[in-house]
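Paired with chain B in one complex and with chain C in the other, chain A is shared by the two complexes that follow.
For the complex of A and B:
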């Protein structure tokens, strides 16, 4: 084989590969897209850490702020159970409180939740409750933070634009839900949900979550350098109340090797330095 | 040590603590200085200023109409180095009931993690364990029922301990050991803020008859030891407890009528975890009245068994309910009856049902809560409605009431009937 022929062969091969990848991507089912999105939004790396700042602006323009540090660790690599540790810094009435969740992906098992109140040295166990209640009084719900299980909805790819997969998600069981369906615009390259619109009956838009900024965060994964696309600014708007919440992430790190023990009563009562700084 | 000397010592310790932390902070900002103090992180300074006032809704012949009137400043300082964390938290307030300036060190401790498996916290600290929701069986750390009943913030229900807490963690079991070298009793009802049923006089009493008591106070002799051995199994929290110390509020009297704190050992166990849509808890404790094991001494309280079972669940969005059933069972009851001379003989069992309801409204900025304690055996009730509005991130407004009523003034809640009060508060945090 002469060198010219070799180059042509390589080129052809590359082309074929690209075409294959492209056509394969085009053929992703709605379920597969949602699986990948779920992974990108919640399960990148085995663990992560970040600072979160929320600014809640109500209809009258009154502003309230929340600041907390968050640690997260996955159990295994199948995008299932996770542990969360949230250390509050602002406002004053929740300062130094710790909220811990052991999230269980199985639909039949409720999450385990704890709250530590330092002024009483009290470890309180919190009933799992309704996941669609506001997280710390913001326009984000618990489920927006810890993720809604893909298994709870049916997914339909309704449109593919230049940039997005547009997927309609309808709950399998609508009992107790404040919405009828939601439409997610998912970045075709990063699989990041960029716009999520929640609709009530009569196609009435009730709430929107929008990713306004993403950043590629470098991390080590099994000894090699990888990049995780990560949301650094998102906004949730409640169309009905006129309230909105801006959520900024900073100081984000992945694959720190967080110990499982961080998510136990010991560290609930006395937070690790990781969490406080 | 007299109360006055203790007060002066507290002030001194706090001033020392504050100045140390301020010196650290001052040095921390001076980059050219290479002293030991540079090891410390920045000092976090926080606190609040609060005005709180309350009054009785009826006449109490033994107390003032004002149940609560205070302007309070709480300061909190925190810093750390690579190996130690330091915290100070103290309150000063002008008290309209005692008509004095008051001071209390809430916390002044250092914390170390010397090895992977040991935590140590030494100094004045607030300590809590056990599974009860505002009911305490194996938690023998001091309470301040007085503050709770007059409507101070809930954090004041727990009084601080001067203790060393050493915790040892393994995968199998974890152990907490709390050693308190000098007995810390509850801040119990003395008649100063709240009128009460005076057993020896068989009448209601208050500021006319402040309880005289003699608390054990010899360092390293009148000490307390509290242990908790615990582990999680699949997020079900199991624990065993032991306490060696004294009854935390007077449980006896001398022949001359001085209230005393006889020796007490407590052994107990608890479990807590998810059951159905909520959280269930169960706890029991054996109170062994060491100085009257057979229950024959009429001047010292008998041993008791205490049982608690509870369940908490969200009933709707931002609406939580917690229901508990609690029993105090007097042991050696026939001996108790035989040796009791007065006419006020209690039942063998005291049953109490508690129900706490909490509802959040207005984006969780308004909290409505109602705590109910009802005793079917004593036929008395304590209601505690409470409303808190977060006007902004820094300012909160609060109002509430403490309502006591019952059939017989000798029972626990009914004795406080004349203390039924309402209160208001505004707090600015910084």
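For the complex of A and C:
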């Protein structure tokens, strides 16, 4: 069984009730495609961890680096709430800083965010009024990392190419958003978003996120070996500033059985070993 | 000289049609280049492209991603809440949203757009507000996400805005009456288009607010626009005035238009030539037409004046013009040469626009001379003899003596009878003028190029009344990232690593042992690195390797040590260091207290603000954190907002150079100079904690650089042309004595002009400086005419008293007519909306009047007093001009 088929099989399992073949996939609605994409991008496995290395290159080619380890754990298996734990290693002056998020899928409930600052030994809550702020100074926004809830946009399948579903997503509420709509090119087989283009009013392209590399990560799921297609290199490019950010993932593991209590305030000061190594 | 004269004048008289055709043809060919005209209003171009300071300025703009910026100021003085009322804020919001959309297809690259740089726009609705939430959480939100619905919400926005000292005095005024929107441009040349779009939008807005559009790019474009209007309105107007005056003196249309033709053809040929050779029209060179208009007429007025006085029906036009050209050829040639020499000296200044201006004026003067000698006689030949009926002094003097004639005659008597008294008065004038000259203040102000009523000047005045200064200069501090590797540093590092490992051994037992291993590798790494930074990097890399297969206990110990060395490395990025940031804060405070800087903004301010908010929002915590890590966290948080890139306008990503934004309240370059001095002084008195350089950038500073070059440059040009003129005079008169005498009136004139500039407190700026050099070439003209003619006449009569009588006849009249025509002819410049043109008008009026009066008073008085000295040893025959000795 080749890996692509394996993935398809996995999805068939996950979305029980859908008999999944390529010919069937053609007839998926935009909402269904987005739902699957949302799952692939954010909810594979019950938890995961990985090392992330970010290289931010500005218009003049000057670079800044970030390194952090990220832990993730889902609440239930309905692709809803999630918890994130981000432990910083670089730059050296913010080493041991921790950023924790309890993401709430419900539209009416803001996420909870915490920041631990080692120099002050201070845990500070961060109000999450706005998810469209820069993530650690990179060209990724906070929402690019934690995921934008599919419920926030309306989706329209505008084109189906040999490789992609092309979906236009228009926010239901545009208040406080820096874009007017975005277009996602989604891999028809893996349901991985490969290119996401954000447009401002007047169809002005402002930002692009692109998946440049994927890897199949093996994991145990309910006692069986599964393979999760996982992004290992993605790039966000800010067209307006000319800046771009490369984000590389390594040491990715799924279904580690991460303890819920790791994602509590107490562990901000005492990072779990999972997070550190 | 004789050959030259006979060839040219002979050609002109005998082949007058061909001479005319040649002039017209050349002018037409040159005019064909007019459509290719390009304007350059960039004040930066006052400095050569490879000027070190200009290069640094551009490098700075690039490094800190700084764009030329338009400022839109919204003023509300009628509402008690100032601009912070719902209606005004809604308009500000609307205008900001509108400005975001100002993007156009790029002309050079159709696939891209240019216009307003949206991400760097700066306005109330575009910035973040950091604050404390109800349960002590830190909040990042837009300061004004949407316009307020009522006064309460407007007050809330006001409170938010005022809570951020980084915004106060920049984004809005502390009196709450002004809000500014800053629109950086991809290309400053778009400012006209964007200004127009904004004006159109503003015109549609209701309310009592007053809108101002300011900023250097706007001013530059406005200068360009006014320049053209000046060339299109000012020059023709000057022409009209000159024409009117000439008509008054000479009565004959046919003759009066002659100087106009010469002037116009010279102007068109010169401008055409300049454009053809690919030079851009700068504010200085835009004044060439008006200069040439006047200079070009001078010689032909002399000829006309002489022709008018000498013409009799019996002699006929051909003989008369021959006689006139005989008398005037030499003085006209020499006055043209001296004028050209005066302008040409500008061609050696290090200010490119002044070079082009000087060079082409110089060329223009020669063209005008050539046109005068080949076309004036030709033109007179083309006038039918009968049309000259009733022309000439002879006909008119019979009827009545003109006022001018009478005044000049009594002046002549005065110079003879009270010569010593006159000279005594001149000495007093000179003394006063020298004192006045010492009072001169060197200063330039770009905004003051416009008259007070000009919208740009109005905006400048209004905004500076409220905001803490709109003139931005950048103070760049830079650390040395190539700092070498000293034994001392290394030894200290080794000690520190071991100490650190010792300190953490309770939690990480392995640490001391691992530290020893790490330290043991250092000698090897030392060989491979030349910088301290490089050494630290190598140590970290080697620890990374050891970590890969270390057991957990070793790993965590390694991780700690690696973290420690990482901090050491960060410490080399000097603008992350708390001591350095505190140093910057004190420098800013010092500059603020000096009164020179209204407001300054630096990354230290940003760190203070973030530190305050990440702790508890208490103003007590508006300070630099105690540790490098604390600072690092502040920088990190700063970048988590909506505008992470704002940081990079203040510091480079390697934290090795920083940009302190200094807002000066005054556009005077002298204030900028004081600020530069103050900073130098601060660095001398308070050595920074780490070695760093400080340098300035920004257009406002560039203006100062230019000004600093101005004085020595102009002085050099001035001395240069003084010497050239003196030598030319020596050659003309074949006598150093007479040459010296010739320099007297112009020296007094120049002293007097600068004395007046000093006494009246007029700033010595670029236009004034340039005029100074021009004065020289023009002021000497009258002296040449006067002395040349006086020597001639002395040669004929041998009695100085008789000569004076004659001199105050026709020659003095020619000089007076010229003075009047040119002095008054330049006055239309006064209606110009650009101050340099006005200055030019006033200065030229003063130069012409003064040099005319001084020439007519001092020269005869000096000769009267020192008659023997000037005429004693010289054989009377030799006094005849060389070309006359036939």
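Keep this in mind: the second predicted complex is superposed on the first by the 255 of 277 C-alpha atoms of A that agree within 3 Å, B and C clash if a C-alpha of one lies under 4 Å from a C-alpha of the other, contacts with A are read in each partner's own complex, and residues count from 1 in each chain.
Criterion: a residue touches a chain if its C-beta (ideal position, glycine included) is under 8 Å from a C-beta of that chain, and two chains touch if they have at least 3 such contacts.
Everything quoted here is computed from the prediction, not taken from an experiment.
A.B. asks: Looking at A:137 after the superposition, I want to know if it touches chain B, chain C, both of them or none. Which is it: first, second, both, neither?
C.D. replies: Both partners, chain B and chain C.
A.B. asks: One more residue to check, A:204. First (chain B), second (chain C), both or neither?
C.D. replies: It touches chain C, and chain B stays clear.
A.B. asks: Tell me which partner A:231 touches in the superposition: chain B (first), chain C (second), both or neither.
C.D. replies: A:231 contacts neither chain B nor chain C.
A.B. asks: Identify which of chain B and chain C touches the larger number of residues of chain A.
C.D. replies: Of chain B and chain C, the partner in contact with more residues of chain A is C.
A.B. asks: After superposition on the shared chain, which partner residues are touched by A:65: those of chain B (first), chain C (second), both, or neither?
C.D. replies: So A:65 only meets chain B here.
A.B. asks: Touching A:102, do we find chain B (first), chain C (second), both, or neither?
C.D. replies: In the superposition, A:102 touches chain B alone.
A.B. asks: Go through the superposed model and pick first if A:175 touches only chain B, second if only chain C, both, or neither.
C.D. replies: In the superposed model, A:175 contacts chain C only, not chain B.
A.B. asks: Could you look at A:122 and tell me whether it touches chain B, chain C, both or neither (first, second, both, neither)?
C.D. replies: Touch partners of A:122: chain B and chain C.
A.B. asks: Would you sort A:110 into first (chain B), second (chain C), both or neither based on which partner it touches?
C.D. replies: first
A.B. asks: Is A:262 in contact with chain B, with chain C, with both, or with neither (first, second, both, neither)?
C.D. replies: neither
A.B. asks: Overlap of the chain B and chain C footprints on chain A, residue-wise?
C.D. replies: Looking at chain A, the two contact sets intersect at 58, 62, 64, 90-93, 95, 119-120, 122, 125-127, 129-130, 132-134, 136-137, 243, 273.
A.B. asks: Of all residues in chain A, which touch chain C in the complex?
C.D. replies: Result: residues 58-60, 62-64, 90-97, 115, 117-120, 122, 124-127, 129-130, 132-138, 142, 175-176, 178, 201-202, 204, 238, 240-241, 243, 273, 276-277 of chain A touch chain C.
A.B. asks: Going by the contact rule at the top, pick out the chain A residues touching chain B in the complex.
C.D. replies: Residue list for chain A touching chain B: 56, 58, 62, 64-65, 90-93, 95, 102, 110, 112, 119-123, 125-130, 132-134, 136-137, 243, 261, 264-266, 270, 273.
A.B. asks: Which residues of chain B touch chain A in the complex?
C.D. replies: Going by the criterion above, the answer is residues 46, 48, 80, 111, 113, 119, 121, 125-129, 154-155, 157-158, 167, 169, 174, 230, 232, 235, 237, 272-274, 277-279, 281, 312-314, 316-318, 320, 363-365, 390, 392-394, 396, 429-430.
A.B. asks: Going by the contact rule at the top, pick out the chain C residues touching chain A in the complex.
C.D. replies: 62-63, 65, 101, 103, 113, 117-119, 128, 133, 135-142, 145-146, 552, 555-556, 559, 563, 565-567, 569-570, 576, 614-615, 625, 627-633, 636-637, 639-642, 644-645, 647-648, 652-654
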